[in-house]
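This report concerns only the one structure given below.
By written order: A, B, C and D. Residues from 1 in each chain.
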Amino acid sequence: MRMRRNRRLGIALVAATALILSACGSDDGDDGGEATETEPAAETEESMAPTDESMAPSEGGTSGGGEAVAAIQESGTLRVGIKYDQPLFGVNTPSGVVGFDAEIATAIAESLGVEPEFQEAVSANREPFLQEDQVDLVAATYTINEERDEVVDFAGPYYVAGQDIMVATGNPEGIEGIESLNTADLTTCTVEGSTSLENLNEMAPDADVLTFDTYSKCADAMRQGRAAAVTTDNVILIGLIDEAPDDFELIDNPFTEEPYGIGVQEGSDLRCYVNGVLQTMYDDGSWAEAYEATVGSAGVSTPEPPELNNEGC
Amino acid sequence: MADALVEMRGVNKWYGELHALKEINLDIAEREVVVVIGPSGSGKSTLIRTINRLESIQEGEILIDGERLPEEGKGLAKLRADVGMVFQSFNLFAHKTILENVTLGPVKVKKMGKSDAEEKARGLLERVGVAHQADKYPAELSGGQQQRVAIARALAMEPKVMLFDEPTSALDPEMINEVLQVMLDLAEGGTTMVVVTHEMGFARSAADRMVFMDEGEIVEENDPESFYKGAKTERARDFLSKIITH
Amino acid sequence: MLEFYTEYWPDYWDGTLVTLRLVVISFTLACIIGVIIAGFRVSPVPPLRSFASGYVALFRNMPLLVVFFLAFFGVGDLGFVFGPFPTAAVALGMYTGAYMAEVIRSGINSVSSGQAEAGRAIGLGFIPLLREIVIPQAVRTVIAPIGNLFIANFKNTAVALTISVFELTYISRKLINETARTWLSLLGAAIIYTVILLFAGWVFRTLEDRYAIKR
Amino acid sequence: MSSVLIEELGPRGKARVRVATIISILVGIVLLALVVWKLGTAGQLTWAKWEPFTVWANLEFLLGGLVNTIKAALAAMVFSIIIGFFFALGRLSRNAVVRGLCVAYVEFFRSIPLLLAIFMGFFGLLAAGLDVGAFTSLVVALVAYNSAVLSEIFRAGIKSLDKGQTEAAQAIGMRYWPMMRIVILPQAVRRMVPAIVAQLATLSKDVSLGFVIGYEEVVRRGQGFPGFSDAGNFQAYVVVGVVYFILVWMLARLARYLELRQRTSSIGTGAAAIDGAGLEDIAALSEEADAAEVEAAAARGEDPDRVVDSQTRARGAAEEQGTKLNEARKGDRDRRRGRD
């Protein structure tokens, strides 16, 4: 990755661009949005005393928990910030919010013995949501990165997304990875102003590129034979494939890593508690079940669950 | 009258419902000067414009020098070249110099050599008194000068007959005479002319015949003296009384 | 600031070339279409007149963006697939062509009927009349509006970025994303547009002066 | 045949026109059939692809986009008028600095693509720390752009007023501002109403460019709605095009109507002359107005639709005086001839 002086602002702008790409509900999960302008605020007013930080719940701690966990259990509901427009992860339907994120959040709520209550989170408001105690946790294709880690805490990661490539069914061009795209003979489509485009430009500088404002236009371009491949986060690609499983497939060879975490308030004991729940889900196979029921329904094989970051738990 | 230069036989014209020309029969002999008068809207302009088919007719026929006026195409263009026309609003070609205005017809229509055409044009401009303006553009000339150029332009085609459609009515009073003078000279020189005008002085001194029109028909024909002194019809007398009182 | 422009000049230059190519091709096309449609509109054949009016109305009342999307994705759905640049050039040419037709038509109509009558009266046929009287006079009245159309067409090339033509505005936007120097990136393009338009304006004014009718 | 080119046809000409008419109709039918056939074989005419546009919920969503389009166009119009007005006055100011600044502003925004202005309104403001959202960014950009255009309309409008008005006002001892307020502006504004409505039509078209910053106008809604996912691009853009067409067409129609009304009332004698005429003449007049409007639009420069190049306008105004006179004369003659 190029590190320019203004990288942060760049990311913010990319985020703004990404916001625009609402039509197919795309969000490349890399948006740092408002993160830069906030301070590690508010924690003193919150329920946790400084001592709580050291009082981590026990491993696998479904039984244990600090004040945050207790407060949730007392209130009877788990307030969850979630995407409403991210196919296969969080989609608001008449019968409630469905998707992989929703499954994970529901499992956490069940473990707590409370009801989940979903609120729409968009990329830009995820940190403020937590900081202002609007929600207890955020499960919204939320990429773990350093900037965010300064203002919120992450449980997980529970899924590793990454930039991948979508091709026509049967992969007629025999595209194996990003290297295959590095030729003027193949046209690759992505969204203008996205990090995906930057990655493509860096890793396959000779590629012939088409850019549009939405990924669904890229899908159309592929259908019309204008492009041989579409590249962006696999999460978005899987969404596209889900809409047209006969037309497209994923090469399933991601070349970047975007670990998704469950966002909680800075210093909250909920983080280690969630890690415990996730570990349980890994172990008893319910994580894989949830994956197959949602993301996997688009015909993507179930990966190994990523290793949890239990530092400080 | 079989050898008349212009013959109109049973000409009828309608504008939609409006019967603009009613059963016109008119012969104009060679070297004859005919002045057409009549109240506004009487059809005199329409009449003169049918002679070179700037207006079409629905019934009847018009012959020029014994030849039936073609309705379209090359034949019509050729015949028009033999009929000179001078408009009320001059209609000089705004993008061409005075000289070019006069040479355009001879060069493009009569395929005359350019230098011959220019020589001839200068002669004509001399004759109408605007020779020193030859290289200017129309907009730089006064109305009277423009109209004289327009006459020269028509003459350059050596037409068999000249049509004048109210040539002086768009002019300021002090310029009317310079144009009328040119027309008088033409008349004296033996040019066949059909003139729509209210200039009685010109009519008296130049016209061989007066034609009075009203409501699309020819009401009366006479020589100028008798016409002005004692028009036969009520309508003509009424019209004359209106234009003579002031 | 200067380093920014020296560093990214190659990007701007590429974008400028694309923009210029696009405007030259689309405007040439617009002129051809304009003449044909204007000819239809003044022709005595009723179906041709109706077709021309329909064409003009269609393109004048639709946003250029929709024209581009229809030409690219819509026509693509019918199985006619052309690259972004050719699509943009044709779509823009057809769009500007509608306006061009109106300019030409009004130019022809601005020639007073007296001029045409005078030409007929000295025996000019249809073609000579057109060549000697109508066209020379129409050209004079039409230069200024055509100049304006050119400017509009030039600015409208920016819309082509929506169908993946990497022209000047696209480049400035790309530089925003790459460098995060938002205002510098945008201003660079704005300056290039302004300079080219100043030049185009000068050309058209010169033409106009040369062909102006002396009064 | 409203053209100087075409003479009244003779019998041979009429026959040719008849033949040409038949041939062109046949060619038209063949072309149309080809298009329909192609659409059919490409599967674009199947009902399933059009059905989403008959579902009320979907249409409601799309019409919501139309409301957004109109909202942005109106907001931009109001602010453009206010700001454009001040820039017009600024350009007529006697202070060279004010004048210079106004000229620079107007010329800058008249020489960049609207799309670039929209990026400035969105990314530019964002970079300056103003996260104002798509609607505000779009309106800001449209206002920056259109106030420049409108200020030129205003300036031309003010300048085109008969100098006699100014002189008369000065003669009765009015000073600059009262004169502007009481005499010049009311007349100028009245005269500019049709141009403003025409500009509103153009603005509505331009709102579509808000698409690029995610503003939910008709195009974005038409292509992105899950309810339309059964429909193809072709259908979506055709429907979006139709929606825009109707909106812009109606506004253009209104502008033309206003202009026509103003003309007839301002010509006066001309209107009186029309009194006796039948419907055809009025149709002819509107045809003429149509042509004039187009001419104006063409002269108006900038975007084909985007109105008014100052010079052409000013010159147009000057010429209009001349042509009006000529037309009055010509009209007079024509009418006389007509009654002949």
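Note that a contact is a pair of C-beta atoms (placed from the backbone, for glycine too) under 8 Å apart; a residue touches a chain by one contact, two chains touch by 3 or more.
Predicted model, so just to flag it, every value in this text is computed and none were measured.
Q: Would you pick out the chains that touch chain B and also touch chain D?
A: C
Q: Between A-D and C-D, which chain pair shares more contacting C-beta pairs?
A: Pair with the higher count of C-beta contacts: C-D.
Q: By mean C-alpha position, what chain is farthest away from chain A?
A: With centres defined by C-alpha atoms, farthest from chain A sits B.
Q: Using mean CA coordinates as chain centres, what's the gap between chain B and chain C in Å?
A: 46
Q: Report, in whole Å, the distance between the mean C-alpha point of chain C and the mean C-alpha point of chain D.
A: Chain centroid spacing, chain C to chain D, equals 17 Å.
Q: Rounded to a whole Å, what is the gap between the Cα centroids of chain A and chain B?
A: The computed centroid separation for chain A versus chain B comes out at 90 Å.
Q: I need the residues of chain C touching at least two other chains; which ones are they?
A: Residues 73, 76-77, 112, 114-115, 120, 161-162, 173, 176, 180, 182 of chain C each touch two or more of the other chains.
Q: Quick check on chain B: which residues sit in contact with 2+ other chains?
A: 73, 89
Q: Going through chain D residue by residue, note those that touch at least 2 other chains and give them in order.
A: Only 7, 9, 13, 123, 126-127, 211-212, 223, 233, 330 qualify.
Q: Give the pairs of chains that touch; include all such pairs.
A: Pairs of chains that touch one another: A-C, A-D, B-C, B-D, C-D.
Q: Spell out the residues on chain D that touch chain A in their complex, using ranges where they run on.
A: Interface residues on chain D, with respect to chain A: 122-123, 126-127, 131, 134, 211-214, 220, 223-224, 229, 233.
Q: Inside the complex, what are the residues of chain A that reach chain C?
A: My answer: residues 4, 6-10, 12-14, 17, 192-193, 197-198, 210-213, 217, 220, 224-226.
Q: Chain D touches which residues of chain B in the complex?
A: Residue list for chain B touching chain D: 15, 18, 20-21, 40-46, 49, 55-56, 70-73, 76, 88-89, 170, 216.
Q: Which positions of chain D touch chain C when the two form their complex?
A: Residues 1-7, 9, 13, 17, 20-21, 24-25, 28, 38-39, 42, 44, 107-108, 111-116, 119-120, 123-124, 126-128, 205-206, 208-209, 211-212, 219, 223, 232-234, 237-238, 240-241, 244-245, 248-249, 252, 291, 294-295, 297-306, 309, 311-312, 315, 326, 330 of chain D touch chain C in their complex.
Q: Would you mind writing out the residues of chain B in touch with chain C in their complex?
A: Those residues of chain B that touch chain C are 52, 54, 73-74, 77-85, 87, 89, 91-95, 104-105, 108-109, 137, 139-140, 150, 153-154, 157.
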